[in-house]
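Structures are listed in the sections that come next.
Common to both upcoming complexes is chain A, partnered first by chain B, then by chain C.
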Partner chain A sequence: MFRLILRRLAISVAVLWLVTLLVFVATLLLPGDPARAILGQQATPERIAALNDQLGLDAPVWQRYLDWLGGVVTGDLGTSAASQGPVTELLGGRIGASLVLLVGAAVISTVLGLALGTWSALRRGRAVDHTVSGLSLVVAALPEFVIGVALIVVLSTTVLPVLPSVTLAPPGEPVWSRPSQLVLPILALTLVVTPYITRMMRATMSEVLDSGYVEMARLKGLPERVVITRHAVPHAIGPVAQVIAIQLAWLAGGVVVVEFLFRYPGIGQALIDAVNNRDVEVVQAITLLIAAVYIVVNLIADIVGIMTNPKLRAEVAR
Partner chain B sequence: MTAPATLTHTLAARDLRVDTVAGHPVLKGVSYEIAPGEVLALVGESGSGKTTAGLAALGHFRRGLVHTGGTVSLQSDDGEPVSVLEVGDRERRSLRGSTVAYIPQDPAASLNPALRIGRQIGEVLETHGYGTSAAERSARIAEVLAEVGLPDDESYQRRYPHELSGGQQQRVGIAMAFACRPSVVVLDEPTTGLDVTTQTLVLRTVAALTTEHDTAALYITHDLAVVATIAHRVAVLRHGEVVECGSAEEVLRAPSHAYTRELVTAVPHLDGTGATSTSAAERPESVTPESAGSNGAEPDGVGSNGASADTAEPDSAEADSADSNGTQPGDAAPAATGGDRARTPVLSVSGLSVSYGDHRVLHDVSLDVRAGECLMLLGESGSGKTTLSQCVAGLGEPHAGTVSLSGSPLATSTQRRTAEQLRSVQYVFQSPYSSLNPRKTIAQSVELPLRTLTDLDATARRARVAETLERVRLDPAFGDRLPDELSGGQRQRAAIARALVTTPEVLLCDEVTSALDVSVQATIVDLLCELRRELGTAMLFVTHNIALARHVADRIAVLRGGEVVESGTVDEVLGSPSHEYTRELLANTPRM
Partner chain C sequence: MTATTTQSTLLRRAWALPQAKIGLALTVVVVGVAVLGPWVGPWLTGHDTTSFAGKPFQSGGIAGTDGLGRDVFTRFLSGGLTLLIYAVLATALGLVLGAVLGMLAGYSGGWLDSLIMRGSDVLLSFPQLVFALLAIAMIGPEGWLLVLVIGITHAPRVARVARQATVAVKDADFIRAARMYAMPRRRILLREVLPNITGPLMVELGLRLTYSIGYVASLSFLGLGIQPPTADWGLMINENRIALVVEPWGVLLPVLAIAVLTVGTNLITDSLASAAAGTSQSGKPQTAKEASA
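What follows is the complex of A and B.
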């Protein structure tokens, strides 16, 4: 099993390296000149040349890539052109803030999705099943900003003004010191992701519930709770983990829109600001970060898949 | 234990009625009762409702089925009869696994693949509060594993189902059922899919356990030969009704209902009688190799002339002096077959070897099939018999050795064979349920090989399709239907028609009857024999069922572990088997 996981890990590292290459090339192709963006339209050619020199933009492309890659590996993400401070410092607090959103939404939607999917599969063909299926389809069809706006209308402004719609983050104070302002962003992300997990879990569970071993477990006289938790759910988890992973990976990107909507001081906001400011180093760092989340989450899903499948587990024992 | 004198029935079902949700009846008033220590066989074909009737004993109805009437009463060791269908969920659960246990048809699907087998047996004991301590329960796990003839040590209990063979998995299923010493066990075709040697072992285990613990057993099966081995009484189920019920001896020897008679005659016999509706099979007791050769070409001697096979072969004249390697171990041709039989084979395989990585599937296999002759390739699952037939057909992996057709070697893959070669070698697959495209009508499927391999025009193709459908005794009107609208037997006929429509020289039949009911198997076997006689096609009949030998084959090659361990004429192999494995197979094949 460990060899299998190590192989997956090696593949992940290779993919991550490919991503650094892509990110670097993509930022090269971005229109606009960072030095001019920083200095403004009135800058003299001498000053631009001086700044290019200072930023190392004169060096050949491959050398700039290697320098940057070396920095990434050692944890130095470069200097933000806009704020003139190190990128790591700029992003430090924001990563934490975004992680709160991501983890909160991930945990809630996974638990909720698995529970709703299982419940729905157990009540196949009944009213509960139709309601869950119908609702999840409707919600899945809505883009995240529509959900966000709808939440603001319902819970913050017009109908029930109980929750803040905009995040207030005085400098130096972490966002989670005011928990009420986390509710709407997390809820929005949860609503986007849960329907997919629910539908996938329902489909997989239905199949598992029809399997011979679940019937056998019932015919052995096991209590229904044991049948579901011991004999059914573990087999449904493997395939569903892949879907959860894709959804969580999507969260890492989806967070950009939701953070923008709620003025939430996370990496999504930072990315939008950085793109506006031609702040290349920050854009690179955040893109890489989001890519890393994708890869890590998928890796975890693969490992869960391997762990829940004794055949794959045993593969290495040979 | 209650004495049998005071306790007449452990399990009694009265007038069971079950419908589908749509209102179609599945069981129309089925009654049966079983005394302690007795084995009642519930016999019927697929769709007769026998599994439904068996599961009703546990108060379980599969999705889409509704219980509409009748009762099941269960008398456990401690007295009071319980009405399984009327008690509450909780009480029914407490009966399942402890008083009445179920042994499923497919152990591979019924054992949880993610749980260790010891755990799966243990959870039955835990749920039903067997014993007083964990130590007592784990002692019982070891004990019951030993009872079914499996190792009882800790490391064996820690295995996962996929680490066991099919027979071992089924014995784990039996151990699980017997763990709590139930009063009743329901066995749902527990040996279907197992090879005969394992089947014998499983049957013995079941017989020993039921006798020892005075357990009442409901044995669901479609195999009458198995019934003869294990059952005391038999109930024959057809379309949801019990048409005949009586002692095993009575029902099998002197069936009173026409349907039962049909079932009984359909069972293939090692000695060659039965298995056909006409059931003539006047084969001489001892035959010389020469007469065996020509006689074998007329299956079951349906009174036609003796010249059939010898005159009806196409293309054999031009098949010239290819080296037939008469001394190869796999070459089943008897040396002294007489002048007119010493032709070159239509199909010749020599030195065929296939490996998947380190795993050797076939090793140096050689065999020959002559025009109009049927060679039975006998082997258990994993013996490499399907791989061999796929290599012949060009569907297999790259292989070493040669396959030649009328003396000219064939490429390993169908892509590199000529249309003429493809036309000459045709394949009938095991499952007619998956080998026919569900979106194409039967006529379209049958026409396809003509379209791709011949240059006949549309009218000629249509005529040929109709002619071939008639030849396989399928009304040409079926041509417009989709496979879904046909029964299993009809589908297999259509699949045979598809193979024969190009008038191949060689027909490969890969377990063509094993997905079919026994009575349908008999008709398909009859059909193949007749077609072989009419068309003079050489046949390679791949099967695991040695009982079919006299019904289809002239010669047998026994494949084991990828090697031909024995070959010869049917009479030689069945009469005086030389290899230990063949003897074992013959000894373990149940007879009626």
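What follows is the complex of A and C.
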């Protein structure tokens, strides 16, 4: 098993390295003169020369890559062209703010998805099951911003104006000091991923409930509650854990749209600003960061998969 | 087993499911609006998509005016076509690219397989939207770039499915026979393998179309997709959301259209997936992101 996990770890590191290469190569796509593209047509030759120097654009490509990679590894993500400050400073507080959203949505959607999936598997073919399946199919189709706008319409403007639709974040005050403004963004993200967890949990639980050991447990005369909680659910968790992890990785992308919609001061909003300003080093830093989160979460998912899969455990014992 | 029979039984089985009919009805309504709207709109309301129709955010006409005094209903009717064209092109690109790479990887095995699949692992480590943003940051919000980038990010996800399906059939007798006749690889893939993996590919087609619509609309909503002054649903939501309380139609109409369209295509996809799962041995129906991420 350990060899399998180590192999998986090595693949992740290699993929991460290739991702840095890709993120760097993307900057070579900047049309013509990157410094002019960033600064605009009115830029003076001195400013262009200064930016060329700052970005190290006069050096050969491979050296620029190594310099940039060296910076990334040592925690120096470069300088923001828009704010003229270091990128790390720009991102510092925003990473925390985004994590609040991600963790909040992850916890709620996991609990909700597992509960709904189990419930609907236990009532297979009945009205509850059809309702849950139908709803999850509909909600799963909706893009993040459609869900977000619908929430704003219902809970913040027309029907029930109870929650703020825009995040107010005075400098120096963390976003979570006003919990009510976290509700809608977290709810939007939760609605995006819960349907998938629900559907997977329902499918897996249905299989488990039809299995021999659940029938055996019932035949032994165990109370239904014990059959479900002690015999059925633990077997369903393994495969579902992987789907949950994939959904959480998905959140890392969905957070961009949701933060923009609610003007939430996280890294997603920073990414949109940076793309609009052609703030290349910030775009590089954030895409790399999101890709890294994505890779790590998928890695954890696979490790959980390896550890909970008896077939793979046995394979290693061989 | 020939191509036409596999495909028609799959479609017939899918059509027997209620969600297929509902999904198709929803999709047809929105596609109808999107395709006919640009011609009907000016004739119906008497306004152009970019012409001045009245004071900003007034409720005259069917759905009022937007922040620049343009007629919201006219813009709504014209706002779906570009989105739809981009989404269809991106889906087609992703599906063709992914199917070719996946079949090549699955059929050839060896170093080509490793190269293609490791290459797609790299692309798979970006959320699709973030990868698109990276490209847009460098080149700018061009139409061809949206199609290209969304298509490219679909490709590895389609390739995974195509590869798996190809591996399952590549040692079947009829393919061995074709190999024995020294049929060239390109012909085996096109004539023998492709017709036998249409089931999973059809499901991918529906899934990728649903996502393409979502991504193009999301990028336009972020102000980084289709650019003003074009009338576009995603962009309209961005432009009109500041006046949601005063003049909600500029947001509600496009949101509804996108929601109905994506729900429609997803229902069709679900019926295809159920039908395909019924025909193959591998029981469990797959849902959207389980297969994609």
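Note that the second predicted complex is superposed on the first by the 298 of 318 C-alpha atoms of A that agree within 3 Å, B and C clash if a C-alpha of one lies under 4 Å from a C-alpha of the other, contacts with A are read in each partner's own complex, and residues count from 1 in each chain.
Please note the rule applied: a contact is a pair of C-beta atoms (placed from the backbone, for glycine too) under 8 Å apart; a residue touches a chain by one contact, two chains touch by 3 or more.
Because the structure is predicted, anything quoted here is derived from the model rather than measured.
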Fit or clash - chain C, chain B, common chain A: fit
Partner chain(s) touched by A:Arg7 [first = chain B, second = chain C, both, neither]: neither
Which superposed partner A:Gln247 touches (first chain B, second chain C, both, neither): second
First (chain B), second (chain C), both or neither touched by A:His130: neither
Which superposed partner A:Leu22 touches (first chain B, second chain C, both, neither): second
First, second, both or neither for A:Tyr294, with chain B first and chain C second: second
Partner chain in contact with A:Ala150 - chain B first, chain C second, else both or neither: second
Residue contacts on chain A - larger count, chain B or chain C: C
Three-chain overlay, closest Cα atoms of chain B and chain C, distance in Å: 6
Chain A positions touched by chain B in one structure and by chain C in the second: none
Chain B to chain A touching residues, read off their complex: 55, 58, 60, 62-63, 93-98, 101-102, 104, 106, 109-115, 123-124, 127-128, 160, 162-163, 176
Of all residues in chain C, those that touch chain A in their complex: 19, 118, 121-122, 125-131, 133-140, 210, 213-215, 217-218, 221-224, 234, 237, 241, 244-245, 248, 251-252, 255, 258-259, 262-263, 265-267, 270, 284-285, 287-290, 293
Complex contact set, residues of chain A against chain C: 11, 14-16, 18-19, 22-23, 26-27, 29-31, 137-138, 140-146, 149-150, 152-153, 157-158, 193, 195-196, 199-200, 203, 207, 243, 246-247, 249-250, 252-254, 256-257, 260-261, 271-272, 274-276, 278, 280, 283, 287, 290-291, 294-295, 298
Of all residues in chain A, those that touch chain B in their complex: 210-213, 215-223, 226, 230-231, 234-235, 308-311, 314
